[in-house]
Amino acid sequence: MPTSTDYTLAELMCIATAREMPPKGVAMLGMGLPVIAGVLAKLLHTPEITLCTEVGVFDWKPADDIPRAPVGIHDLIFNSGSAMVSDMVDALGALLMGGGTDVGLLGAAQVDRFGNLNTLVIGAYKNVERRLGGTGGNTEIACLAPRVISLIPQEFRRFVDRVDFNTSPGYIDGPGARTQAGLTSQGPNLVVSTMGVLGFDTPDGGETGTCEMTLESTFPGLEPDTVQAQCGWPLRISNGVKEIEPPTTDEVALLRRLDPYQFYLRPDRY
Amino acid sequence: MPTSTDYTLAELMCIATAREMPPKGVAMLGMGLPVIAGVLAKLLHTPEITLCTEVGVFDWKPADDIPRAPVGIHDLIFNSGSAMVSDMVDALGALLMGGGTDVGLLGAAQVDRFGNLNTLVIGAYKNVERRLGGTGGNTEIACLAPRVISLIPQEFRRFVDRVDFNTSPGYIDGPGARTQAGLTSQGPNLVVSTMGVLGFDTPDGGETGTCEMTLESTFPGLEPDTVQAQCGWPLRISNGVKEIEPPTTDEVALLRRLDPYQFYLRPDRY
Amino acid sequence: MAVAGSSSRLPRVPERKLLSAPEAINRFVSDGDTVYAGYTSVCMGLTYEIVRQRKRHLEIVGGSVGIQATVLALSGCIDRVRAGYIAGALRPGIISEMMDSGELKYEDYSNQAIALMLMAGALGIPFIPTRSFLGSDYLDPANEGHPGGYLGNNKWAQLDSPFDGQKTLLLPALTPDVTILPAQRADEFGNVQLWGHMGDAKWAFWAGKKVVVAVEEIVPNEAIRNDPGRTVVPGFMVSAVVHMPYSAHPSSMAGYYDTDYAFQRQAFDGISRSSEAFAAFADEWIYGCPDRETYVRHYVETFGQDALQQIRADTGPDAGQGIRYTYSNELRFP
Amino acid sequence: MAVAGSSSRLPRVPERKLLSAPEAINRFVSDGDTVYAGYTSVCMGLTYEIVRQRKRHLEIVGGSVGIQATVLALSGCIDRVRAGYIAGALRPGIISEMMDSGELKYEDYSNQAIALMLMAGALGIPFIPTRSFLGSDYLDPANEGHPGGYLGNNKWAQLDSPFDGQKTLLLPALTPDVTILPAQRADEFGNVQLWGHMGDAKWAFWAGKKVVVAVEEIVPNEAIRNDPGRTVVPGFMVSAVVHMPYSAHPSSMAGYYDTDYAFQRQAFDGISRSSEAFAAFADEWIYGCPDRETYVRHYVETFGQDALQQIRADTGPDAGQGIRYTYSNELRFP
C-alpha cells in the first residue's frame, strides 16, 4: 500500500483513530472529529462496526459513494442508511446507559494523566477563566461506555496534569476510583493525539495499575520527547514505544473525500 | 325520541354511562364495558370526546359505519382511525400520569362506600378466598385520573362496605384521605350500576363532605329500596333522587350493533 | 492495542440471527430464566417451542399475561409470575389452584408498573418512580409477606421526592433474561419493525438481556433502512430472528391477522379446568404440531381455509404516504 | 351531574389550533416562561417572533441549545439557560460575557440529563435517576453555589438505590411552560408527525405545559389517521399549530431541507462579537422580515433561488413501503 507524506497531524490523528477502532461492536460517536474518524474506520477498516450517535441514530451504514461524512452528529444524512432512528432517550438511555455500547469516541478541550476530560470551563468553575460550550453527551459517554477513545490535539494547554473541571471521568484519580464513584470499570482506553497514540496503565479496567496515560506509539518522525514537550506532566512511556505506520494514500484520499467542506479538518490547523 | 322497553339492565348500565360522559376532554377507557360505553357515547352523544386506551391508543375516531366496538382495549381496529398509536409508557405515563386525562372509565369486581375498587382478590390477600385476574391498568387510572366513572353491576356481593382489597383508590376512607396518601383530589366521580347512577358526597373533590356514595337516580321502575337491597351498607340517598330517562330505541339499537358477537353483553346476564 | 471484544451484557450473535424456532429457544432460553413473552400480542409459536423443550423454573413477566402464561403454567414450565393481570386466574381452575397451593408464586403489580420497570431496565437505571399505587392496599404493611410473594423488600420502596416532597413509589428495574415477541417484520440481521399500538413491547425489546423475535415476514435490509423510524429495536440488540407466519395466533398482528376468538374459546377456554383437558389440547396443538407450518396446516384442516381467511386483517387504509427522510446531497457551505 | 370541565394542566384549545405566528406566540409565550425551543432542529421562525414581541425574563432549556438561544440572549429575551451545551458560549463574545457578568444565569447539565428530565416531566414523576455524572466534578461539593447558578438544591440529588445500593443521581422533572418546535407536518387539530432522528423533541412535546409547533405542511386529518404511528404527540396535547415552511432554517428538517452552513457562517457567526453586529443582523432578518414568507423572499433575493435549491433535501429513498395497519372487518367468533 503506497504511503503518503502529504498529510497534516490532525488528519493523521483521525487516521490513527480509525485504525484503533474495534473490529466489531457498537460505537457511540461524540461531537466533532469522532464522526469523521468513525466513518473512515467503517469504510476502510472495520465494516462490521456499528455507528450510533446520541440524537437517535442506530447502525448507520454509509453508502460506498457517500458524498460526505455526516456534518455533525445530527446531519440529516444519518436518516438514510440507519437501521433505526429515534431519540436521545433511546440512544443515551437504552443503548448507552443500558449497556449496549462497546466504545465511545470523544473529543475535549483538556485531558489529564488519568484520562479525565474537560468540556466545560478553563479555570475554576467558581471563577471562570474561559467558558466552553459544555459537555453535551460527553459526560454520559465517558461515564457509561465500557471503553473510550479520545481525540485530543497534542498541546501543552490541553494535556494537563489535572483537568480544570472533570466533566467526563476517565480513571478519575487512580485505581479503583471509578467503581468507588459508582461507575463501571473501563478499558483499555486510548487517547489519540496529533503526535501519537496513548494508552493507560490499567491491567484490569482501572482497578489496579497506576491508571496513568502511557505513550504507546508516536507519529512518523516524532520522538517521545516531542510528545512530552506538549504534555503538562511527566508522561509514562511504554517500553516498546514505536512509530505508527505512515498514512496510506488511500487513507488520506478517503479522509479528504469525506470532508469536502473542510468542516472537520482545515489545512491550516496542526 | 321513541323509547324502548326491550333492554337488559346491563345494557342500560352502558347507555346510562354513555349519557354521563363529559362533552369533551380525554377519556381513558379501561378493560371491559368501558370500551363499549365510551364508543356509544362518542357516536351518539359526545362526538368531541377523545377516546384513549392504555396499550397506546390516542384519540380513536370510529367511522360511522364501524362494524363493532373494539373487542378489548387492544383490538386492532384501534389502529385505524386513531390520531396516534404508540405504547403504554406514553399512554399510562405521559398521558395519564402526566395529567392529560380528564376522565377514566373502569370496571371492577367490588366497589365500596368510598368508591374504592377491587380487581385482585375476594377474601384477604394473605388468605385468598377467590383470586381474580388482577388490576391491569385499573390502579393507575383510579390513582391518577382526575375523575372516574365506574360500571359495576348492582349486586350485594359487589357493593360492599369495604372492598376486600383496595386496588384502586376512590376516596379511600373519607375526606382528605386522597391528598394525604399523595394522590390528587378527584371528582365528581360516578358509579353507574345495573340499577341506578350513584355520585359521591364530595363538594370539593374529596377534601370535605362525607365522600360517601350517594344514589342520585334509579333506572325506570326501580325504587331506591331495590338498590339498597343490593348494597352492603346503608346507602345515602339524594334528596332529589329521580328516575333516569328510559333508553331510546336508537340507544339500544346502536349498542347492540356495536356488540355483534355479544362479547360485552350477553342477553342472559342481568 | 486495538480496542477489541465486548463487555456488554448482550449476547451478540452478529454472524447469523435467522434461526429455526427449536434452535432459538434451545440457545436463548435456559431453565430458571425470567421470560417476558408479550402482552397485547403474544408469540404462541415460540411459547409452544418452550413447552416442547420442557424448560423449567421459568418466571414469566409482563403487563397483562394471557394465554401464553396459562399454557406455560399448565405445562409446568413456570413457577413464578410478575404481572399486572393474570388472565388464567380470572376464573377458578388449575391456575388459581397453583397460586393458592404455592406451586405458582406471584407478585402483583400493574400494567403501568411493569411498563415503567421494563423501561427502567432498558435505560440501565436501578429504579423509576411512579405516583400510582399510593393510597391502595398494595402498600398496606398488613399485606407484606403474603404467601404468594417471592420478592420481599425488592418488590418496591416508598420515597418522598427530595425536590418537592411528593410521595412516590420506587419500582425496581426489570431486565428479563429473555424477551420473546412477535412482530410484523425483520431483516436477517435482527432489525425489527413493529407498528400499531404496542403495549409494553418496545421497552421489553430493549430490556431483555436476550431477545428472540418471530416475524411474519423477513424483508431485505434495505427495506428496514429505507424507513428506519419504524424500527423498534436495532438488530445488534437482538439475539435471534425466527421466520414464523401466524406466530401470534390466536392473538393478533396488525396488518396480518386479527384475534381468533372462536379458536380461543373452543381450544383454550377449557384447558385450565382439568389436566386432562390441557393434555388433550397440548397433544393436538403443541406436540402434535411440532412447527408452525404444521400448526397452520392442522388449523386449516380442522376449521377450513375460510377460518384463516376470516381472521385476515384486510380492512383499513394504506399508511405512510408522503414520508421521505431525504437529505441534501450537496450541502450549502460558504 | 355529567362529569364536565377539565382540571388538566393543559390549556386545551380544541376549537381552533391553526394560528398565525404572532397569535401563537402572543397567546402562549409569557414573560418569565421556561421555554424549550429545540435541539437538533430548532424553530427559528417562532424564535424570531418571540424576539419581535420582546418577551422578557425567559428561561431557555434543552439538551444542546444553539442559534435559537444565541438570538434570544442577544435580544435580551432570556436571562437563564438550563442545558447540556450552549453553542453561543463556545467562542468568546457577548454570550460568554453575559454568563460571566451574571446577566445570563446558567445551570449546566448534559444532553442525557435534559432528555431524561423532560421525559420525567412528561411522565408526571417528580424525578428520574441517572448513572451519568458519577465521579465527575459536577458533583464536587466545592462547585456548589457557583455564581452562575439559580437552582441550588433543586438542581439534583444523590441517592443510593434502595434495591441494590447502586449510586445514582436523581434528576428533577422538567416541564417547560412552553415547548416550541418545528416538525414536518400536522393537521389543523394539532396532531404532529415528526420523523428522523429527533434528539429530545418527543419528550419536549409531551412535557410542555403549552406546545406551539410550526410545520412545513398542513395535511388533512385522514393523512394523520392513516399512519398514526408517525404521530409524535396527539393534537389534544398541542396548543397551536403554525403553518410555516422553512421555519427551521438555517437548521434542518428531514425530507425538506438540510442545514444551511453558508448562511449560518455568513449571517450568524459574527453576531455574538458585538451588539452592532447583532443589531445589523436583527434589523435585516428578524425585524426586516416580519413573517416567514418575507424571510424566504428576502433570502432568495439575497442569495438566489439556487441557494434554496441547494439546501433542498432531495436525496434518499422513499419510505414506508408495505406498511398496513389493517384489521379484520368481521371477526371470527364462535
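Order of writing sets the chain letters: A, B, C and D. Residues in each chain are counted from 1.
FYI, a contact is a pair of C-beta atoms (placed from the backbone, for glycine too) under 8 Å apart; a residue touches a chain by one contact, two chains touch by 3 or more.
Model, not experiment: these values are computed from the prediction.
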- Winner on C-beta contact pairs when B-D is weighed against A-D: A-D
- Take the average of all CA coordinates in subunit A, do the same for subunit C, and state the distance between these two points in whole angstrom. 38
- Message: Centroid of subunit B to centroid of subunit C, CA atoms only: how many Å?
- Response: 29
- Item | For subunit C, residues contacting two or more additional chains | 124-125, 130-131, 166, 168, 195-196, 229, 252, 254, 258-259, 261, 313, 315-317, 325-331, 333
- Query: At which residue positions does subunit A touch at least two other chains?
  - Reply: 71, 75-76, 79-80, 82, 85-86, 89, 93, 96-97, 144, 261, 263
- Graph of touching chains, which shape: line, ring, star, complete, other? other
- Query: According to the definition of touch, which chains form touching pairs?
  - Reply: A-C, A-D, B-C, B-D, C-D
- Residues of subunit A touching subunit D in their complex? 53-57, 71-72, 74-76, 78-80, 82, 85-89, 92-93, 96-97, 120, 125-126, 128, 130-140, 143-144, 165-169, 172, 177-178, 181-183, 261, 263
- Provide the residue numbers of subunit D that touch subunit B in the complex, in ascending order. 1-10, 12, 14, 121-125, 189, 191, 206-207, 221, 224-225, 228-229, 231-237, 325-331, 333
- Query: Where on subunit A does subunit C make contact in their complex?
  - Reply: 19-26, 48, 50, 58-59, 61, 67-68, 71, 75-77, 79-86, 89-90, 93-103, 144, 146-147, 149, 188-190, 197, 199, 216-217, 261, 263
- Using the touch definition up top, name the residues of subunit D that touch subunit A in the complex. 39-41, 63-64, 83-87, 89-90, 92, 96, 99-100, 108, 110-112, 115-116, 119, 130-138, 142-143, 145-147, 166-168, 195-203, 252, 254, 258-259, 261, 313, 315-317
- Item | Residues of subunit D that touch subunit C when the two form their complex | 124-131, 154, 157, 159, 161-164, 166, 168, 170, 172, 195-196, 219, 222-223, 226-227, 229-230, 252, 254-255, 257-263, 265-266, 307, 310-334
